[in-house]
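Two complexes follow with chain A in common, the first pairing it with chain B and the second with chain C.
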Partner chain A sequence: QLDRGCALHTAARAGLSSVPTRDVPAERPRAVFHTSESDPAKHTEQHEGRLYSIPLEEVKAVFPHGLPHRFQQQIQTFHEARVMVRRPALELLAYLRSSNLAHPAVRYVIYGERGTGKTMTLCHVVHYCWRQGWLVLHVPDAHLWVKNCKELLQSSYNKDRLDQPLQASVWLKNFKTSNERFLREMKTQKKYTWGKRESTEEGRPLGEVVEQGLARVRSASDAVGVLLREVRLQSHRGSCRLLVAVDSVNALWGQTTLRREDKSPVSPEELTLVHNLRKMLRNDWSGGAIVTTLSQTGSLFKPSSAYTPHELLGKEGFDALDPFVPIPVGNYSAKEFESCYGYYLERKWLQHEKAHTEDGKAELQFLSGSNPRQLDRLAGPL
Partner chain B sequence: TLRLICTTTVVQRKNVGASGPEKYTEAFIKKQIEEFNLGKRHLANMMGEDPETFTQEDIDRAIAYLFPSGLFDKQARPMMKHPTEVFPEQRKIQWGEDGRPFHFLFYTGKQSYYSLMHETYEKFLNVQKHQDQLIAQDLPLQKEKRNLAGSRWLTKIELEEMLLEKLSDDDYSRFIQLLEKLVALPCADIEENYIQKFSKEVPVQLQKVVIEPLQYDEQGVAFSTGEGKRKTARATAVVYDNGTGKITVNGTDVLHYFPVLQDREQLLFPFQFLGRIGKHDMVCTVSGGGRSAQAGAIRLASAKALRSFVTEKEVEFMRQAGLLTVDPRVKERKKPGQEGSRRKFTWKKR
Partner chain C sequence: MATPSAAGLGRRLRAWLPRIMPVRWSRYNPSYLEPEAKKELYQKPLEELTDEEREQMELKAVRPIKAAPPTLSSSVFSDPMISKFTNMMMKSGNKVLARSLMSQTLEAIKRKQLEKYHKAPENEKETIECNPYVIFHQALKNCQPIIGLSNITKGGKTYQVPVPLTDNRKRFLAMKWMITECRENKHRRMMMPEKLSQELLLAFNNEGPVIKKKHVLHKMAEANRAYAHFRWW
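Moving on to the complex of A and B:
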């Protein structure tokens, strides 16, 4: 079923206009834009434009916090998670497969216009690495750490910095669900003192650090910092492969909307979480890869037409991330548009009678401009 | 001295000439004509042109230049016209110094109408006599049919103007019936001159708009241009054939220029109507107006450009769908004494 190539795509398209029923012949139209290959490791150019499904238990394990909100709603509606295999993702997977882990970590920056699928590409890569057994450090949206924070504590570790207990504890919880196995196996390298009475000895499993952070919310940010450091050292030594996946990385070098009690603005370096994350993004360690996404949607003080790395990262961010491999993500190609449209049709998401016709399809393509987000929003009310 | 005179539209005006006895004496009208000519010469001198060859068009242009007005109604603007156009024709006094009326039908009340009916009936009898003569001589009756399709009879108001007298609907219909009967006779060609006084040419219904042929650029791709406007926005569109449905506005993609779905739907409408959504590319430039106005302007421009690609029948369909008409709605002016163009100030009882 997998190896049906584009020939079937064009041949079966003629039969696509009939509504598929639930018996055996329905398998053929289904296979045109679906593929039952749910292991991203085996995705090749053959599968480009097709949707593959992730089993729901895996979704809960891999993506406790990573998926875009609308996609989560779609999963709930359709009871299945289908991700499209697109060319930028395939490119990234090829690079990851061929990367040499002894070299310092390569940085990849996924960029593109609004709503073209950068976060979904990132999730695809995360799923692949998780399947391969890598340790995945997924920061869902770095913008959450630089805005709308209710509590800011002065850090006990370093007087200048500010802690964010809430965000740190939320992230630790999610990290725990996705990487239980590693937390049991990996051991700390050093002794860490949390306060007057609590400390973690050397050689204890990392899970304890996480528990400590969750239990004592005040020291959650420090726990995060410790975790990042440990994980970096371990992967540098070679005991595991590490993927650092950060969404909306331009938040780390921009401005924040947070202010101290005396109304003076806070710059990102003064936040513990941001500081530690920046240390992770430096490519002074080896044994893994860093994949990041730029996002204008949540970014602060940036015009809405900006989408290139230079504009969104600013000079500071660009210098910090330089050198990196840029990966542009664009709108749907004709084939991808057809798969998406066919998927919506098949799941009976498009209820309008006209939406089933060729004209309706042309209209949708025109009005959405083949932009995935626009198409999703358009197809909603139909 | 120049006298600024206003007048109302032809259709709506009351036929002042038919209503009562003279309001303007002949001497008065003569004086007006003299003043008008004098004023014309003065105006020509002012504009630096030759007074001898100063036509009415020149007068209109000069007045528009000297007294610019932004009023919408052309009839409300300052104008200078010959008094015969301005003052409606008046009926002269119908009786002489001894009180005896000139016309023999004066005491019927509608003397010109009845005299007209008499004349027409006389012609009718003439034609019948001629016809009888021809039959008696066994000559073939001429059968050249008048072309009734391109002509119409005078309207009641026009007839009133001609007769300088008020008519009732009944009278008018009787007159038209008589004319029809006259025309129906085979030998009515004799009285052709008389009948033509009462019929008018109907102007061509559809203004024939020339549809430009397709132009071809270097690669051999057919394209055509169109212009459109809406409110204050002006747009030009170039529609190329063999395309994928991509649209570029002022150098940027349509998704970026029109983030709102409504504007993109407006752009989609001409293509959707013709069923050619994915077949044409478009490059347009637009300026002025707001978001909706620009979308409407581009829609009109693209519809005009698409006319070249499409059969005449489909052009007619487009015209009926309203895709080719300029939207005349513009912002209405604010009036003094009101807060906006329609909204009045809050009414306070005391």
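Moving on to the complex of A and C:
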């Protein structure tokens, strides 16, 4: 065990020698690729390639939904949540820090090939905004709203649209867990009537709208629409800062696999949830930012080699999101690979004897092509 | 077969072909050599080679080499026992599925053991084995029977006679029992990796249905030891 630590020390030192080690204690080689800075606001280029940990209580509060499944399994196995600080995330954080909230919301689109870390970059940004006290509207995967829907109801508000009670209620429940404070403080601006006997008066806290959506599942999609509208108006007025974080945004402008009872296909704009979310993604409000991710993995009717915004969003989506700031995310650099490999070794995730040798490391790098997802899949059985 | 050596070499090395051909045989001329997958042999400098290895290298310069089978791998992580197990798990040639099931099983074993490791107190941490390969090999070793039974017909009656088993047969029986057990005695909705990881961990601790089957076989052999002299080989 001792020589493993020493070998790691020299190998990692060679990769990270240019980085000043001001927050690293000298005796412990493990901390070369870790950083004790758990506040994303203080992450700079010096922390690039290092892993920072999020306390487990915060993980439950910030990410009731939204973390990738493999990462959740990793949190459970290692009893800690470590996220790597990478260049695209640092770029985004710098833009958010220097953005003028009086101007209309800027749209950022994170794109890249499969398995390069787009969702994790989004989660890093969400954590930063939550820490800064922003109101975070996190839609974990827009693809879940356009496929595999068991119940489609005709919307009572608009005859042409269709409601999705199950998806809406699940999302409302998770939204409530992460934003309790805002739901107590923010008040409605208008009276909303939910049916013959139920209505929410003006000036009531927004938490009541959410409770209404959870209690009466039939009106959950309308509750989501009301919530989005209220939150947008309030942040436009300046009472809070809003972050709209949507993963797999290309689902909103593609095709759906849903059908009505008469087997006619449903297009995305006929769904209430999608319609309201599209209104959020327009840049006609100010006081916040919109960060989105493209994803081919859950997408419908898109080839697996498509990853650029134009291919995945199509003409309609691109025109709707234009102008946006594109943020490409790539595979691991040499330093990031060293850091990830060292972390797996330290957590005893790589158990195979040959995985500790130089040959094993070279083979892992070659087989995965430094792609984060492939490395994770390869290191699983080893 | 355009070998550079004379026709005499070909005639001398052509095997004597019996009239009845066995099912598994090779069409290669005996002059063909096996392919070498390990990199270390080629990276050694000339001085370190022993005489036999030097002879082998010289032979490789003149003799043709057989084609490498798809299962031959130069990866440092390849394990012949794991490959054999994967092949036995494969159905209708779907090696991709069998291999992914195997890797999911190894990952499941590792996760279960790591969770146990992190929860255990300091003094017990060394006793918990987290390496899925060590667990796999030890579990299969624990499942191998020492003695087997064979049907021998004598005087019109068939007896179950205790008989020694070769290493290959022992390994095959252990793997076969493990796979059959996991395919048959599981809940309809349970996934194979989960069930396999459970059974392997039980076998590692010398518990579970496969070990029980081995013990039943041993008891039968012990019960029939009177017929042991029926064996003539």
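The rule we apply is simple: the second predicted complex is superposed on the first by the 355 of 382 C-alpha atoms of A that agree within 3 Å, B and C clash if a C-alpha of one lies under 4 Å from a C-alpha of the other, contacts with A are read in each partner's own complex, and residues count from 1 in each chain.
As a convention for this text, contacts are C-beta pairs under 8 Å (C-beta built on N, C-alpha and C of every residue); 3 or more make two chains touch, one makes a residue touch a chain.
Worth saying up front: this structure is predicted, and the values here are computed from it rather than measured.
In the superposition on chain A, A:Asn371 makes contact with chain B only, not with chain C. Applying the stated contact rule after C-alpha superposition, one finds that A:Gly380 touches chain C and leaves chain B untouched.
When the two complexes are overlaid on their common chain A, residue A:Asp359 makes contact with chain B and with chain C alike.
Of the two partner chains placed around the shared chain by superposition, chain B is the only one that A:Ser305 touches, whereas chain C remains out of contact.
Between chain B and chain C, the partner in contact with more residues of chain A is C. Legend: residue contacts after superposition of the two complexes on their common chain; A:Gln351 is shown touching chain C, with no touch to chain B. Of the two partner chains, neither chain B nor chain C is touched by A:Arg97.
On chain A, the patch touched by chain B and the patch touched by chain C overlap at residues 359, 363.
Of all residues in chain B, only 245, 253-256, 261, 264-265, 268, 271-272, 275, 277-278 touch chain A in the complex they form. Chain A contributes residues 305, 359, 362-363, 365-367, 369, 371, 374, 378 to its touches with chain B in the complex.
Across the complex, chain C meets chain A through its residues 75-77, 102-104, 106-107, 110-111, 114-115, 117-118, 130-133. Those residues of chain A that touch chain C in the complex are listed here as 73, 76-79, 348-349, 351-355, 357, 359-360, 363, 380-382.
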